[in-house]
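Just passing along the structure, written as structure tokens.
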Amino acid sequence: MSDHVYKKIELTGSSPTSIDDAITTAIAKASKTLRNLHWFEVTETRGQIEDGKVAYWQVTLKVGLRIED
Amino acid sequence: MSDHVYKKIELTGSSPTSIDDAITTAIAKASKTLRNLHWFEVTETRGQIEDGKVAYWQVTLKVGLRIED
Amino acid sequence: MSDHVYKKIELTGSSPTSIDDAITTAIAKASKTLRNLHWFEVTETRGQIEDGKVAYWQVTLKVGLRIED
Amino acid sequence: MSDHVYKKIELTGSSPTSIDDAITTAIAKASKTLRNLHWFEVTETRGQIEDGKVAYWQVTLKVGLRIED
Amino acid sequence: MSDHVYKKIELTGSSPTSIDDAITTAIAKASKTLRNLHWFEVTETRGQIEDGKVAYWQVTLKVGLRIED
Amino acid sequence: MSDHVYKKIELTGSSPTSIDDAITTAIAKASKTLRNLHWFEVTETRGQIEDGKVAYWQVTLKVGLRIED
Amino acid sequence: MSDHVYKKIELTGSSPTSIDDAITTAIAKASKTLRNLHWFEVTETRGQIEDGKVAYWQVTLKVGLRIED
Amino acid sequence: MSDHVYKKIELTGSSPTSIDDAITTAIAKASKTLRNLHWFEVTETRGQIEDGKVAYWQVTLKVGLRIED
Amino acid sequence: MSDHVYKKIELTGSSPTSIDDAITTAIAKASKTLRNLHWFEVTETRGQIEDGKVAYWQVTLKVGLRIED
Amino acid sequence: MSDHVYKKIELTGSSPTSIDDAITTAIAKASKTLRNLHWFEVTETRGQIEDGKVAYWQVTLKVGLRIED
Amino acid sequence: MSDHVYKKIELTGSSPTSIDDAITTAIAKASKTLRNLHWFEVTETRGQIEDGKVAYWQVTLKVGLRIED
Amino acid sequence: MSDHVYKKIELTGSSPTSIDDAITTAIAKASKTLRNLHWFEVTETRGQIEDGKVAYWQVTLKVGLRIED
């Protein structure tokens, strides 16, 4: 990790399928415009309910990305 | 959301299968007797271990429901 | 639970597949050398990112085991 | 307070006007069906944004009520 | 624990005697009207002071009860 | 919420008038350069004191905005 | 701020009017006997309920004051 | 509670006997020099161990006292 | 404390009698196999309920022990 | 602070030397591309270990910067 | 620690030099007017930034002092 | 990190010199008897005071070590 500096951004991904899918959706979207994504940490797991079922899983995560020199 | 008032209740669902299934089990059960469930947020993820395996996943969530007029 | 005494240890499991799999991996590994594992509670969910995808899911959990007499 | 027992319930009130109004709305609504409300404590202050303005203030509070004998 | 679903309620018991007594008072009261109480967890320990002595111990606990089928 | 991805940013607004005004000031400022602001959550309420009065109310909030496709 | 040392004290102000007024009441009272009050941070917002209304708003804050040389 | 202002101080009491006794010891001591003690809330429960036994119970509490006019 | 190094372990003791007894039970058990136990801090107080009474008090504590040279 | 609005960003700096140096490294790097950095607050202190020594100190901090008009 | 009672006060020290120096500055200042200071615990580490450098390190700590008989 | 499993242990190091030194002392000591130490995270910074000076810095850290196959 030498003397690199990292930035953490906070994202919320959503998915009709699962917790894991909400996370991968958020990361896939972020990686379209940001480079050097390194790691994430989950800070919140929520969801919307419709008709007694989970309509959307919503997961908030902090994503660490290396700032380029 | 206008001037609605919501109540949050706290539930623990369990499942032999997965974290996601423990959540959907809790919500399905609650929706049998309660109306207007809107959203949930996970507050605890635990489980019981037997023979080196997860016997039951136990997830605690707060569920928000709209109080009817 | 009578007058048993339990010890909690903290483990981090990782998996290329899913959150649930990272947990079961940690528990399976711990059960090879430790007896009487009873329950776990998740304390952190993180992961490594490569090429816009989750390369490894890393889940930290506290595991409770009964101290034998 | 002698040997009374109290129950805490968690409510979210909303208002287009202010934080204070979201709280009083939640309490007024709860007092229509519940008796013996004694105190509250705020646990979350959030809101919805529309056109660069706060459309709704949403405040979550725990309300303590005395259980009658 | 199979696929049961549990509900957590939050209670505050008080007692002129001790912390432990405030807890047992809250649970005894709750068990008069609720069935299937399984476990509790303490979330707050407070008290009222009069004349340099503890007049009342007040303990808040979450109580888990199994929802019947 | 379908499969949208949201970003949370953290802002501190200040106002000589009130808590509510410090929040609306921060949101108004942010909406000049950012689109799709959806919700906020308060994380800190502070202030500066001068001559025994509140000179400035300072409120920190996380603001969620939808990332456009 | 050079090499000044500050002390933080914790106060609870109450007001029949509003959250903001409970804060200004606490600060006004403290400034009668203490000098060099610089800033505050809110740690708890509570209140007493009577007849379905907020009878008193009670806000706890930490106040920072500069220790004189 | 009208428009009174309260101050919270933080004390640690110790006792060779019990948790409850460490609390009453701290309050008894504080009431020798301070008036108008109203309530307390426990923030930490610790202790010293000697020869496999609890030599001293140490409980930290915040005590609220009314500031006189 | 000079340049000693301490290790903290986390234990859960249980007792049918009281909170204090659950703690002393855990420490007594740990001291049978571990030396140099110095202090503890309570992290969780829970219990099992049967027939409207506390069947078992369960207290989790971190125990600090000095690592020998 | 009048009616300025501030943004908080979260950075992780690393250094082979010390905690303080990891912080100054992160701030120096951020100040190359961002103006009006005002204050920081440390949220996490971690590090990598190699051969029984700290190879890298890693400190995460939130940095507040004034948004220009 | 027998049956002594301790008071905790909260201080913020600042220093242009380092985190450690901000702590020792706060303690040195407090010890000029207070006796029996025993221990401290850090609760916040912050700082002011000027020209891309840390102008002042600001560390908040709780200091425990024994109340004399 | 593939499918490795890590264990976190909690240590408190002390030093008469500095925060950084208390951390390196704890890690050096642990590495004498444990292999595969990978990372640490600080959870508490405390100290003992004597004669208005810091006699010992005491830092608690969690250390992650890889469990060997």
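In this document, chain identifiers A, B, C, D, E, F, G, H, I, J, K and L correspond to the written order of the chains, with residue numbering beginning at 1 in each.
By our rule, a residue touches a chain if its C-beta (ideal position, glycine included) is under 8 Å from a C-beta of that chain, and two chains touch if they have at least 3 such contacts.
Labels paired with UniProt names: A, B, C, D, E, F, G, H, I, J, K, L = Dodecin family protein.
These figures come from a predicted structure and were not determined experimentally.
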When contact pairs are matched by residue number, over half of those of G-H recur among J-K, B-C or G-K in G-K
List the interface residue numbers of chain C (Dodecin family protein) and of chain I (Dodecin family protein), divide the shared ones by all numbers used, and answer same when the ratio is over half, different when under half. different
Centroid of chain B (Dodecin family protein) to centroid of chain K (Dodecin family protein), CA atoms only: how many Å? 44
List the centre-to-centre spacing of chain F (Dodecin family protein) and chain G (Dodecin family protein) in whole Å, with centres computed as mean CA coordinates. 22
Can you work out the whole-Å distance between the CA centroids of chain F (Dodecin family protein) and chain H (Dodecin family protein)? 38
Residues of chain L (Dodecin family protein) that touch two or more other chains: which are they? 9-10, 19, 30, 48
Touching pairs of chains in this structure are A-B, A-C, A-F, A-J, B-C, B-D, B-E, C-I, C-L, D-E, D-F, D-G, E-H, E-I, F-G, F-J, G-H, G-K, H-I, H-K, I-L, J-K, J-L, K-L
Please give the residue numbers of chain J (Dodecin family protein) that touch chain L (Dodecin family protein) in the complex, ascending. 18-19, 44-49, 51-54, 57
Chain K (Dodecin family protein) residues touching chain H (Dodecin family protein) in their complex are 1-9, 62, 64, 67
If we count contacts the way the header does, which residues on chain K (Dodecin family protein) are in touch with chain L (Dodecin family protein) in the complex? 19-20, 23-24, 27-28, 30-32, 37-42, 63
Considering the complex alone, what residue numbers of chain C (Dodecin family protein) touch chain L (Dodecin family protein)? 9-16, 25-26, 29-30, 48, 56, 58, 60
